[in-house]
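Please see the structure below; I have some questions.
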Amino acid sequence: MNTRDDAVLEARDVTIRYGEQAAVKNVNLSIYEKKITAIIGPSGCGKSTLLRSLNRMNDFIEHVTQDGEILYRNTNLYGEGVDPVEVRLHMGMVFQRPNPFPKSIFRNVAWGPTINGLPGDINLRVERALKQAALWNEVKDRLNDSALNLSGGQQQRLCIARALAMEPEVILMDEPCSALDPVSTSRIEDLLFELKQNYTIVIVTHNMQQASRVSDYTAFMENGSLIEYGDTDQVFTRPKQKRTEDYVTGRFG
Amino acid sequence: MNTMTLLTTSKYRWGEAILRQLFFLCALISVLTTVIVIGILAVETSSFFQQVSITDFLFGTEWRPMLEPKAYGILPLLGGTMLIVVGSSIVALPVGLACAVYLSEYASDRARNIIKPVLEVLAGIPTVVYGYFAISFVTPGLRFVFDDVQIFNAASAAIVVGIMVLPMVASLCDDALRSVPLSLREGAYSVGATSYEVTARVVVPAALSGIFAAFVLAVSRAIGETMAVTLAAGATPNLTLNPLESIQTMTAYIVQVSLGDTPSGGLAYKTLFAVASVLFTITLVMNLLANKVMRKYQEVYE
Amino acid sequence: MKTSPSSNGESLGHRSASLRRRHLIAALFKALCIGFTLFAVSVLGLLIAQVGADGLPWLDTQFLNNFPSRFPEKAGIKSALYGTLWVVSLTALIALPMGVLAAIYLEDYAPASRLTRVIEINIANLAGVPSIVYGILGLAIFVRFFGLERSVLAGAMTMSLLILPVIIISSKEAIRAVPSSIRLAAYAVGATQWQVVRSHVLPAAIPGILTGVILALSRAIGETAPLIMIGALTYVAFTPEGPMDEFTALPIQIFNWASRPQAEFHELAAAGIIVLLVVLLTMNALAVFIRYKGTQK
């Protein structure tokens, strides 16, 4: 697809290697504003690695090298003078397993904005984030309880609130429902539609029903390469590539 | 059951049962050791207390068991031990924790593979060697820097005891920090934290119970440390806060008595057990506490 | 370019002053950790340099072959070296079977009972009891009660009790590392518990057990206080011929020399330390070698 002017993020010829092994190969991909983009593909296809390159989370892994550019509104995230801390202020992230800090519910959400000195009243900010994450009603009376006492689904929504409290532009989600039960999963899927009003979302998932339900665009990856990228409808119903078709239909049986 | 003859021969069963009992006895020896230690200390200490009152012993500020007028207040020995504990903690706790933070949060695999063995070697060096290091290197160094340093002094012993327990602190804190899941660090980085904020405000607090246990064990070891303090800190039961003076610790006193020809059965001989009882009780309580905390935090992340 | 909903305003590449300050703190903190680590590592170098500088000139065959003497130039560590070898060998004979059998019991036989828990907690705590307390135990039980006097045997028994918890803990870990599928497979073909342990668990666990035992024995080699307590600090100008003989040991001889005021004796102590460290490093190398061999299989 050609670059459109509503692209928030653009990966240009991105290759990511663990040592000698290339996990992502020459990927070109645009992420559009206030849309949900799903990245699907078999385990080990490089979809999580690609996602983590969008907020420079691969920086912490030893022996990882990256070629190509990732442009965020025309600034290369890996360009000289770009601070990874600053990058992450613009790109929030939600992880595969809920990973709340062993602190109170309030502190979990307030911590990021506090250390970064974000403006405004912190109580309001926490409340807003918890409401957006559809968690406020369940926790408003026990904000000082430990986050570890919440259920798995609640913890994951807390982690979403933690990301939202930073008011990022993009939210990166790495299989956010893989550790959750079906009820919690559908709550989070509902939440995604709400969040789309204000945020650009990239979601990595191995669950194709989920991808087809929630996303506007779908990227299919295999062995580190981007095989196909397009409207979710088109990718799932009229895939252009044989391999996409095999994968999409194979899974549906 | 009638069919049992088919399924087993009694000979087998006997052999197995005897072996089982033998293994059990070996395991029981450890309990026996504890019981005997406590028994000996209790018997000899109570016979000591028939001649010296407990209050004089626990709250007396003079320790003079061999010279007239005799006095049996353990406070000078306790004070000497505490001076070593405080001094060694100042060295071992911050440096050990910093080493652990470096190893678990910053070091590359290569650096780790070099530093871990060095710390293991440091941990394996006998305490008498540290004692030698104190008198041949640290004490001359202190006397070079400060004016009124006595030839035997608490500071020198405390520094080497600190160096001695440092590898243990580093290794236990490293274990505690590494038991904090990686996902917690990633969560912290994802909201725009710097490496310092991730470490100091998320990882270290999450590992706090393990770090606490490491500190308690380190202090307990410093209390029980014997050879370095005997060689470097002197043999002057001296209730002082000045680390540049000569002192005596509980352990050093025990060595002093056993070096001399103290007749068995006399009061001076019994002081050995009274002091050892105090030493044993303090270290036992601290070890119990540390092991309990440690078991707890291991449960949390398993 | 469209406006971003992000409240964080500024575009990338223009770090705010506060962010620069936070990065500075992070860098300083990292530097501090590295500095402290380098300090710890350099202490080892310093210690070795000090010992080497003092002791190497005294280290010759005469030093290894002579007995202790009032005259520094004639003094040697023969009796201490032999004493150490005697004590460690006897300690290994006593503590190794007891420790390994206790570990087997706790891992493969012990019921999940209160007594088992007491034993486990007790062992963990014994490992932290100051060594001098073991010395008092040895003095009261082996030297006085059993009348073993200041013999090699009394020293070895005291040392055995001292390192028993260490051996049990490390052997337990080695035994636990043997996958339970091996045990189940052996039981499935009709083996008794002892047969399973002897033919399957122990062979697999032996490298780990030996590594732990060697490290425990090297601790025994360096321990000084318990031997002083049982009265081994005497002038011994002969090598022990049997377990009931009097003895001295390397760390005791080092302590003896180090506690004298004359500089020559301090240098002798350093020479003794070199011998002691060589013995210890050899044992450690052996342990590393066994561990390496074990992981290769």
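Labels A, B and C are assigned to the chains in the order they are written; within every chain, residues are numbered from 1.
Heads up, the rule we're going with is that a residue touches a chain if its C-beta (ideal position, glycine included) is under 8 Å from a C-beta of that chain, and two chains touch if they have at least 3 such contacts.
Since the structure is predicted, the reported quantities are computational estimates derived from the model, not experimental observations.
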- Query: Which word fits the touch map of the chains here: line, ring, star, complete or other?
  - Reply: complete
- Item | Pair of chains joined by more contacts [C-beta pairs], A-B or B-C | B-C
- Message: Roughly how far is chain A from chain B, centre to centre by C-alpha average, rounded to an integer in Å?
- Response: 48
- Taking each chain's centre as the mean of its CA atoms, chain B sits from chain C at a distance in Å of 14
- Message: Multi-chain contacts only, two chains or more: what residues does chain C have there?
- Response: 22-23
- Message: Which positions in chain A are in touch with at least two other chains?
- Response: 85-86, 89, 115-116, 166
- Task: Find every residue in chain B that makes contact with two or more other chains and list them.
- Result: 194, 197
- Item | Contact footprint of chain A on chain C as seen in their complex | 1-2, 4-8, 11-13, 15, 18-19, 22-23
- Message: Give the list of chain C residues in touch with chain B in this complex.
- Response: 22-23, 25-26, 29-30, 32-37, 39-41, 43-44, 46-47, 50-51, 54, 97-99, 101-102, 104-106, 109-110, 118-119, 121-126, 128-133, 135-137, 139-141, 144, 161, 164-165, 168, 192-194, 215, 218-219, 221-225, 228-229, 231, 233, 251, 254-255, 258-259, 266, 269-270, 273, 276-277, 280-281, 284
- Query: Considering the complex alone, what residue numbers of chain A touch chain B?
  - Reply: 55, 57, 60, 62, 85-86, 88-89, 92-93, 95-97, 99-103, 111-112, 115-116, 159, 162-163, 165-166
- Which positions of chain A touch chain C when the two form their complex? 5-6, 33, 72-75, 77, 79, 81-83, 85-87, 89-90, 115-120, 166-169, 198-199
- Message: Which stretch or stretches of chain B touch chain A in the complex?
- Response: 108-109, 181, 183-194, 197, 201-202, 205-206
